[in-house]
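Here chain A shows up in two complexes: once beside chain B, once beside chain C.
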Partner chain A sequence: MSVQATLLGLQIAMAYFLIVAGLVIIYGMMDVINVAHGSLYMLGAYIGLTLYDVVGNFFVILVVAPLLVGIIAAGLETLTIRPLYGRHPLYHILLTLGLALIIEEVVKIVWGVDTHRIPTPEVLSGQIVVGSVNFPRYRLFVIGISLLVAVAMYLVFTRTKFGIIMRASSSDAEMVDALGMDVSKVYTAVFVAGSMLAAFAGVLMGVTNAVTPTMGIDIIIIAFAILVIGGAGSLLGVVISSLIVGMLVAYVSLFAPAMSELIIYLLMAAVLIVKPSGLLGE
Partner chain B sequence: MSEKSIPTDRAATKSDGVLGKRGKYGLLTLGILAVIIGPIVDVIDPFWFRLLVNVLVFALFAASLDLVFGYTGLPSFGHAAMFGAGGYAAALLLLNGFASALVVLPIAILVTIFISVIIGWISARTKDLYFSFITLAFAQILFIAAFIDLPARILSPDRITRGDDGLVGVPAYDLGVTLTDPMYYYFFTLVVVAAGVYTIIAVANSPFGRVLRGIHENEERMRAIGYNVTNYKVLAFTISGALTGLAGALYVPHSSVAHPNLFHWLVSGELVIIVLVGGMGSIWGPMVAAGLFVYLEHVLSAFANWLLILGLIYVVFVIFVPDGLSELLKRAVRNPRDVPNNAKRSIKSYINSVRYR
Partner chain C sequence: MPTDECSRPSTTVSAPNTTSRRAFVSAAGAGATLGLAGCLGGDEDDTIKVGFVFATSGPYSLLGESHINGFQLRIDEELGGELDGREVEYVQRDTGGDPETGVTIAEEFIQSEDVDFLVGPVSGAVAFAMEPIVGQYEDEVVWLSTNSANNDLSYARGEYQTRNMFLGYQAWQLAAATGEWVYDNLGETAALSYADYAAGIEYTEDFQDGYEEAGGEVLGDVAMPLGEDDYSPYLSTIEDTDAEVVWSFFAGADAVNYIRDFHEFGLDEEMTQAGAAFLLSADTLEAQGEAAEGKYSSSIYTLDYESETNDEFKSSYESAYDTDPNIYAVLSYDGAQMMETAVEETGGVNPPELIEAMEGMELDSPRGPFEMDPDLHVPVHDVHMREVQMDDDGEPYNEVVDTIESVRPPW
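What follows is the complex of A and B.
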């Protein structure tokens, strides 16, 4: 029982982490709080759903759907977010709130309001039995692949030229500009990368959770809570808070399913009262 | 700092305060117009007449939010908490035998004051985006509490908020006569909303309001001068919250339902949209925008996707008219011939900012 809850908690934590990691790199680099981030997560799931009807292979859509969402994200960043750089950060919240509304309505028009689900791929269905404990394969897969993505992200940030340019742009955009790098292209790339992470999580969660037009706004508030609990600029903080929140949700759901979301917000309020910058924020 | 701060109605920084003489006469004219137009609309179409009450309620809600959001510079994303609290308080009282508006409204306001003080006291310790997030968290807590009927889980075996069903069949107020007649309810709402808006303007223009304005412009300086900035913020939040609760208490008996969705973050979000489109800090701009919002919602949802259009209009406003309608109108009145030029200039600068070099 508790093994199951722990596994579930890990899976939830990993999905949260993928979503919030995207939010964090976008916020950390660009100072943009993206309310539409949940909507891009939702688009990932819906595009995955449609692609699945076409190609019928889960692993293909797991790669292609985030790429397509990345293209949409590039358009959004260029046409709407870019003109607002240099204004008060509040304007990006306001703008992306509008984008979230628009995307939700477009999803309703294109895909309808019914609940869908991406089928579990054959290889990943069923359980692995060890002794008396069942490990659902898909859950292990989600945990494993998310860990892989997390490690890959860390390596990109610390070991690649792109990562160095990204970090340099966030600490001194003007200097990077002066060195001949086009910072606005870096910003677009960061936004696209963050959005692709969300879309990736969307496809992964589209198998176990319902794909609905409200999944975007449902997840974004929780994602903000995790972001705030961990500390808005800190990737490690987000890892920790994703784990805390994922476990809380899984274990509280065992005893009082209705309370799980409430606990997240209470925790967020408590953290903000004790340490307004979050667990690991400066 | 000043360059990057949230722009607001520039007139407000001048000595004549928010809404100059002309603005006040303008609002008074709108009020008188509302008195005349109500009965006329009722004759033409009773359905539209019922909408007018919503216009008034949301005008009060928008003006209250603007007092903290635009005027004081506290970006609250959780004002639905107070709207819902006022609404639920009124609904519970009305459904349990209290009918007099003179009893129910004051109690509903007291309940929201209690909630605003708690939320404000905790939130005022944080700034900017964190303020947004923590107010949002509190509204979500209340949303879930109403949704899962937390009060009943704690207090009693009976249902209290009735969860997702909401409280239905909330009767109208009694004020000597019952206000079931839409005409009575309209005029009652008009008087209460007028009083509420008057309070907001009086607060904004008082010495207290000037301190709030000062906090918006330069918080550190106000602190250095010796003002207890946090207390001012909490008080501003509480006044705004109380009036938002009043709006909620007017709204619920009118629609006869109190549903957890009153607390939903999209309610807060829509009101933030209204305040921005109207013009932050001008008080009258958001009120006008609230009226347009209610009107457009009902005109457009008949044959088009209202939320999609709202989203598009709103995004255009954020990008091209961040000062909102109030500044746009003011500029147009001051210099009508400049309007096409201004439009051309902002489109040009938009294209420049979008293009890769």
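What follows is the complex of A and C.
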């Protein structure tokens, strides 16, 4: 066991989880496979970058950038995805793939193709000694805040009225509609919440990873792999598969660098053959 | 389409149909020799035509634009768009970084546009694909390959004796040639880390050769996937070597990520980071920020290199384009200077004569004075060893700390 690789694996897993969680709740509730999810993650990072130039405080942008992306997501859902509800899922894939490509081009026009990074906040820079190794303070912060978000998500789902309505809409949308709830509003809320999670992850990862116009497409491929491994629609499933993939990336990079990306897709292929519904999928 | 200089003779020589004579000739598939005899006539042109074969879209677009800016800065801004009393005109097509497209454009420029000079491309893959094709038209066109000059291209030059001029830097010059300096100045043991693709491997192997020849010992190496966005999982492999120096090849976004992760994990307190130019270049330094401080790289052009020529070039470039020049602008600026000198010396645009004039030509470049090697057709230029320092505003910049003079590849 390497302390450093384990911590890193945990940090990578938590960041993946934030992204995939949004994908899962949107798929679970709305049956929409959102290929543009990675692009909202990217928008979070870019908007965060620009906001940082204005306000200069990381913690402010960590809150404000997801809110702004949430507004954009609300517009996207209302104008483009809503008219396609009830159609074959292929329509959603094609539509959101188109959205992803459009967002990528817009990002190139607005921010250019250069590589950026959001500066590490002063209080979180440097390393902390953990056991026998130095570990970057910022990455520990990512682990901590992601855990908080995960717990908050769990509480929202199980303990709040909003969570109950969401789950009800997912299992029987017509009944919820009949009871006087506006299901389309619930869908919009779910889409916005999922997108804000992605944007939140985008700002967090914009500090440790490069902010580039291809980051959205890059992350969505891995996110789908994690989704497939964990089981589409299962939140607990993707918690587990994020952890597995994060640890795999951290440890395989250490011993067989050339394999570190391949291993994710090998695992995905294996899961698809042995248990096509994913580890915890039904 | 017929060009000015071609449409005129075509009115006196009656073509068999309404097609212009040139189009007829190239359609007949005999473009090469007939085209030369009927139309170029070497010295009779009253314009000089330059074809830009650059990517102006895609990831290399910034590079392509900088090249064109650099070239036109010399010809249009500084010389008023004329050479030896002839107007210089341009044609330009976007390769998109695609080798096939590059070849097609080059052929079209030579056959239909009748260019005197081909300038470009950025991508080594495109240049490599163009090499055998352009080689067939050596008596018609001078190819100034202003960016790409990986080792293989100048090897190929040695083997086939093609006439192309490679104005860029060689992997060997930026890597192997710096091995001794790194050994003498930074440390006697090294770890290597690099992006796992052709250029990364070529540079790293070259560096290892030069470093070991100088007496250095390589304690370990790690190849990392190209386009990786998080290098942290690989860093402990480097750290565990306990080497004094880590030498790396990464470029663009990879360089930004790698350097910041290296700094984030505090590795720069334990070992000295060095690498080829792209690791710490003008286009990455801003995003790398303070993480770049104290790290070394080798390059043939540095913005803050102090010389009268560079100062003049910088202010000329800034007033024309309102931005700082980069290495790519310099490479094509030098290409334009070479074209200018050769045209003036030979009093024409006859390719064999031009190439002869360019062989061994000495240029006073913003990168520093250099000579075009008459055999390899590559610049024998100085390599700057640079250290990243922070200016008064806390912004990183490259300071030239040493110069390895007149570096020529050994083959």
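Methods note: the second predicted complex is superposed on the first by the 278 of 282 C-alpha atoms of A that agree within 3 Å, B and C clash if a C-alpha of one lies under 4 Å from a C-alpha of the other, contacts with A are read in each partner's own complex, and residues count from 1 in each chain.
Keep in mind that, in the parts below, a residue touches a chain if its C-beta (ideal position, glycine included) is under 8 Å from a C-beta of that chain, and two chains touch if they have at least 3 such contacts.
Note that this is a predicted model, so its numbers are computed, not measured.
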For this session: State whether A:Q4 touches chain B only (first), chain C only (second), both chains, or neither.
Result: second
Exercise. Where does A:T208 make contact in the superposed view: on chain B (first), on chain C (second), on both, or on neither?
Worked result: second
For this session: Would you sort A:Q127 into first (chain B), second (chain C), both or neither based on which partner it touches?
Result: second
Exercise. Looking at chain A, does chain B or chain C touch a larger number of its residues?
Worked result: B
Exercise. Who does A:E261 touch here: chain B (first), chain C (second), both, or neither?
Worked result: both
Exercise. Should A:D114 be classified as contacting the first partner (chain B), the second (chain C), both, or neither?
Worked result: second
For this session: Pick one for A:Y138: touches chain B only (first), chain C only (second), both, or neither.
Result: second
For this session: Go through the superposed model and pick first if A:V106 touches only chain B, second if only chain C, both, or neither.
Result: first
Exercise. Between chain B (first) and chain C (second), which, if any, makes contact with A:M247: first, second, both or neither?
Worked result: neither
Seminar exercise, completed: On chain A, the footprints of chain B and chain C overlap at residues 258, 261
Exercise. Can you name the residues of chain A that touch chain C in the complex?
Worked result: 2, 4-5, 8, 12, 113-117, 119-120, 126-127, 134-136, 138-139, 208-210, 212, 215, 218, 249-251, 253-254, 257-258, 260-261
Exercise. What does chain C use to touch chain A in their complex?
Worked result: 59, 61-62, 196, 222-225, 227, 229-230, 232-234, 236-237, 252-253, 256-257, 260-261, 264-266, 283-284, 287, 289
Problem set entry | Footprint of chain A on chain B - complex, ascending | 4-6, 75, 122, 125-126, 128-130, 132-134, 136-138, 140-141, 144-145, 148, 150, 265-266, 269, 272-273, 276, 305, 307-308, 310-312, 314-315, 318-319, 322, 350, 353-354, 356-357
Exercise. Residues of chain A touching chain B in their complex?
Worked result: 33, 78-80, 82-91, 93-95, 97-99, 101-102, 104-106, 108-109, 182, 184-185, 217, 221, 224-225, 228, 232, 258-259, 261-262, 265-266, 268-269, 272-273, 276-277
